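Labels run A, B, C and D following the written order; every chain starts at residue 1.
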Amino acid sequence: MTHAATPSATESASAPSAGHAGGSGSGSGASASAIAQRPALAALDDATLAAALSKMHLIRKFEETAEASYMRGLIHGTMHLSIGQEASAVGSTLPLAVTDYILSTHRGHGHCIAKGADPALMFAEFFGKENGYCHGRGGSMHIADIEGGNLGANGIVAGGLPIAVGVGMSIRMQKQKRVCMVFFGDGATNEGAFHESLNMASIWKLPIVFVCENNKYGMSMDIARAMAVADVADRASAYAMPGSSVDGNDLAAVAAASSEAVARARSGGGPSLLECKTYRLRGHSKSDRNLYRSKEEIEAWRENDAIRRLEAELLAAHRFSEAQLREIEHAAQRTIESALEFAKASPDPDPRELTRDVYAQ
Amino acid sequence: MSMPNDVADKATAGVAAAEAGTRELSYAEAIREGLAQAMEADERVFLFGEDVGVYGGAFGVSGDLFHRFGAARVIDTPISELGIAGAAVGAAITGMKPVLELQFSDFVTLAMEQIVNQAAKIHFMFGGRASVPMVVRLPGGSGTGAAAQHSQSLEAWFAHVPGLKVLQPSTPYDAKGLLLAAIDDPNPVLIFEHKLLYKTKGPVPADAYRVPIGKAAVRRIGTDITIVGTSIMAIRAMAAATRLADDGIDAEVVDLRCLRPIDFATIAASVKKTHRLLIVYEGVKTMGIGAEISAMIAESDVFDFLDGPIARLGGADAPLPYNPVLEKAAVPQEDDIVTAARRLVHEGRA
Amino acid sequence: MTHAATPSATESASAPSAGHAGGSGSGSGASASAIAQRPALAALDDATLAAALSKMHLIRKFEETAEASYMRGLIHGTMHLSIGQEASAVGSTLPLAVTDYILSTHRGHGHCIAKGADPALMFAEFFGKENGYCHGRGGSMHIADIEGGNLGANGIVAGGLPIAVGVGMSIRMQKQKRVCMVFFGDGATNEGAFHESLNMASIWKLPIVFVCENNKYGMSMDIARAMAVADVADRASAYAMPGSSVDGNDLAAVAAASSEAVARARSGGGPSLLECKTYRLRGHSKSDRNLYRSKEEIEAWRENDAIRRLEAELLAAHRFSEAQLREIEHAAQRTIESALEFAKASPDPDPRELTRDVYAQ
Amino acid sequence: MSMPNDVADKATAGVAAAEAGTRELSYAEAIREGLAQAMEADERVFLFGEDVGVYGGAFGVSGDLFHRFGAARVIDTPISELGIAGAAVGAAITGMKPVLELQFSDFVTLAMEQIVNQAAKIHFMFGGRASVPMVVRLPGGSGTGAAAQHSQSLEAWFAHVPGLKVLQPSTPYDAKGLLLAAIDDPNPVLIFEHKLLYKTKGPVPADAYRVPIGKAAVRRIGTDITIVGTSIMAIRAMAAATRLADDGIDAEVVDLRCLRPIDFATIAASVKKTHRLLIVYEGVKTMGIGAEISAMIAESDVFDFLDGPIARLGGADAPLPYNPVLEKAAVPQEDDIVTAARRLVHEGRA
């Protein structure tokens, strides 16, 4: 698929379902009767879908709240919001276990929450507090949740890819069944690190899933100007690696593609490159004036909102009722609100501990 | 006894006294004006880097240049730091005069190979038969809350590399004048700009003047202590000197401006007069540029003029932290300079 | 084509010619009668072929002589010999004009001579003499012949590729009709610099020919272990760039493929990736003990010697007589001998000029 | 008054006096033995890099380890320096203890991003919640005729980077003992080995002893001048000291061994005794490690003990030339050390 300037919002969602939903969709609420569903959606049970939707809301609300705090001068630095890309983060990580690893990017809040991080500790980190994930030393661009398997956001474009290779080697050497999923943007695929990493992962058949979140732009450069092939997935063939490109705003499609890649990695089948075509609705960072794209393009993608699409499809398929959906959203809202309060009430680091943790003991 | 900055500046920088059309410009505007004048004057000059085009540069330095000079001379590149540094080398050795912007100086870690092994060495390795007239602009420094990978001051590394020239302008005036001199220079020149300085304002003449490479600027004449500062630390040193004057300490402030080559003569002359030396820089103190300045003094005849140890203030021995209070504490602030200078004068050591 | 462990020496040379030689082959000596010739050979006139063969001999003898001088302790440092790869160097550069550029590698003597450098000044450089190409400062790994369009060998694997991008930009900006040809090995294609450079060359359609001399090994690592695709040329598709793979020991085939790529570059058609499959008959450098390859493999490739193959084909096609071939070889021998004498008799640099040329004035 | 090297060494290195099974090994053999012992003792340790497998390493250091430990633990990599440095980081943060060989230290220019932005900062950036126990071995130095891109001594750069440890062993004994200590260390450690030292021999105990990181070794006790040397320069300094003794100059020789952290206490104690300091290193003099040592002394109370300027001998301000005569002239030789030390003692300055 190519990156349409104006996405057809419901392309995948409205595609005729390849068959009936089957048994797995049965369960709570409105999903009792057998309504036509896409297999990708049918493959996900209600609990999984509810959790996924909840995470998408958490991400969205976390970032909207962070943004508001930033505007009010409560957070310093900059931040890179992934608003609009939630389905990619949540769908990709859906097949992962807690013990699996992810490596994230500068635009990493979504990955972090999707992998199970506590928004309260994330906010605390944003606010530079001592009890944040990084004790206030890392901030937005370096949030890591080591215990949850998030080996860290990264301020360096493509910085996580070589690290993923080592994680893959480590998993192999320790004879673990883990998988390492590494995220990066479309712009990152032009870094040498991308090439070196995919090559090594492939020759050594490492248990890695390379997830490219293609949101059409680097900072301002359209991927169509930054590379000569149509899809990032086209680059997989240079490594004899399976590559696929999916609608990154379609949770179920992303989850299906990711499941396949994760299963391949876990079973010794080697790495894959998965491209999720999506869009960031906000600017690159807080200083972006959107000079490089049109209002119309942004508007069209806003229509293609992943959360709304998922909700619409869940309703149409009678998997959830409107009330259930609102309750999922409200619960997320409450979580984020209390997370914010937690962060605000948290203690600052002691400036005398400036050089603490420079070296491990 | 003190002198206005620009007077002292011109005195050492050798800039003609009467300059027409001097306006207040920001540091970023001054760089942009320098770029525009260089591109107007010389077809070989072009600007490239990540998001320097329609976006106008991550820090707005290139601004409207894309619209003024077009996509053929203000070129957005893919995110490929090693590749674009090498592209600068290739363009430079075949007749062009590239100016490359690396979006944050931290990303130079990806381009070291081309800068250090190729650009710096080609002229020598090829027996003088090729030269590499390229300029790399690198926004550096902390203070923006961007944390450990977007806040470093790595300039000292390059002062260790023969074949390179390394600049650190602290004023809009120098930012423009040194840039134009760098573009004229037939060698690879790295210019470390400071992110916190982009919005600071100062007088900038309208013409395409040059500030000579390799000359420090005496920003304030004094008798009690020499404070050598680099980049934003030269600005903080000036503010500190004003406060020190209230204490009766008359500091001479030297803005290093160029880290390779180092203007030893200017520093030596100052220390011979003041007998005391404090060096202030933002990079990590250990192996920062102050180490070399101190060592140059300590191995020269200036040693005999010293009344006491040579003090250095530099970055903490830690990556730059995100938390704003820690971040401030990690690099020298005006107060630190005042305190260190006072102790050096009153107690003989900092 | 894949890299056969034991090459079929005459595969291309003995392939039935696609047609008759046509008129271009007419000329001196034995080529009067119309003997069946491959089009690739027929496309090259006698003068061109004589010059190419002469250069192949020059390269071979230059390196054999350098090797002997090294063994006798006359040259210090190390050197990377391209013995066995002469057809690749000479064939690739055949379509280039003096004003075209090349960028070479650590294994660059062949490229240098092929581009027209004077072996006397090369030897003088090897001997560290003041009148060498680099005034004795560069040595084997940094020979450059700027006036002849050789922008330098490079000690850094893949170091020349990003530079080539800049040369291509420069040609474009100066509205020249030049072409830049950059050489690199198979091992170099795993460097990030390869990826970044091919990408930029492609998006900007720069006049560059990327020539990969695939001699099967990095230093000791078989390319089959170092990358997952069969051919380096397979990687071109990741940049939407034409890629082709030729028998690198077949002068005419290399020249034909290169001519096409050079013509494309010169006419604004953008860059190409040309892979020449060849083999280095010597070790990687002077300290190589050949532990990673078999004697049989080396022997088989020795049978596939590019010079012998070309000579045999020229004889078979009645393009040159045996006497003519020997005269070409002897002339090359004489050139190399006098070049060596020149170097030996040349003055050493003045040690007081150690820091000369660190900076251009 | 002088002492045998190893005695002085043990005195400061804290190695037990009686060591069983001490043999003469080369520096390369000592490293290999250390690698083998670490791999035998700890399954998490593995070696990787370009041509470290069946080839045995560009300088023969890994030798037969591939045959002893197999392809799963002695791993040939593609030529991808940035990638393999990052792979070391990834393996280290998830429970392994990688030892990476970069074939020539010059190629670290391609891996700076992962070493400096990732490895050095992860522990700090993540608030101490991850650590990076990786070792990078980097063969450096000139003298092999390999010219400007294969002869550099870049170690000083890394002494500027908090979060890293930087070693430069000069003897087979230290090469093994520091390697084992580095593998134990929970932080990223860079070991700069010198190519000319690989074949030099010295006593090496058979057991898996450690040499503590961060301790300089007093190789020779003397009273007239302190000579601090790094890597091969510590060896040349010892040879020079023998010649100086014939002149009646009793030099104390300190082998720095570790550039980050610097063992200031040992140097300070020595200079307080000798009142004179000469620092010798192969890296480019300007901004080489001697700058920091000099500056540390010049800013401390040791300043008051100095009888004269602090002298430095370092690499010339030029890329390394190919011509062997020029190449030798480009870095300090034994004669240079003797001359500088004599002048420092007799004339008060070098």
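One rule holds in what follows: a contact is a pair of C-beta atoms (placed from the backbone, for glycine too) under 8 Å apart; a residue touches a chain by one contact, two chains touch by 3 or more.
Values in this document were obtained by computation on a predicted structure and should not be read as measured data.
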| item | value |
| --- | --- |
| Matching chain pair for A-D (criterion: over half of the contact pairs shared, by residue number), options C-D, B-C or A-B | B-C |
| Per Cα centroids, the chain farthest from chain D | A |
| Distance between chain centroids, defined by C-alpha means - chain C, chain D (Å) | 39 |
| Length of the line joining the C-alpha centres of chain B and chain D, rounded to whole Å | 31 |
| Centre-of-Cα separation between chain C and chain B, whole angstrom | 43 |
| Numbers and ranges of chain C residues touching at least 2 other chains | 134, 136-138, 142, 154-156, 159, 190-193, 196, 199, 203, 225-227, 355, 358 |
| Multi-chain contact residues (two or more partners), chain D | 77-78, 80, 82-83, 106-107, 110, 113, 117, 124-125, 147-149, 162-163, 316-319, 321 |
| Residues of chain A defined as touching chain B within the complex | 76-78, 125, 128-129, 134, 136-139, 141-142, 154-159, 187-188, 190-192, 218-221, 225-227, 287-288, 291-292, 348-349, 351, 354-355, 358 |
| Chain B to chain D touching residues, read off their complex | 82, 106-107, 109-110, 112-113, 116-117, 120-121, 124-125, 147-149, 154, 156-157, 159-163, 260, 262, 283-284, 286-292, 294-295, 297-301, 303-304, 306, 308-312, 316-319, 321, 349-350 |
| Complex interface listing, chain A residues touching chain D | 101, 103, 132-138, 142, 144, 146-147, 151-152, 154-156, 159, 161-171, 173-174, 180, 192-193, 196-197, 199-200, 203, 355-361 |
| Sites on chain A touched by chain C in the complex | 190-196, 199, 202-203, 225-229, 234-235, 237-241 |
| Residues of chain D defined as touching chain C within the complex | 50-51, 53-56, 58, 76-83, 106-107, 110, 144-150, 316-319, 321-326, 329-330 |
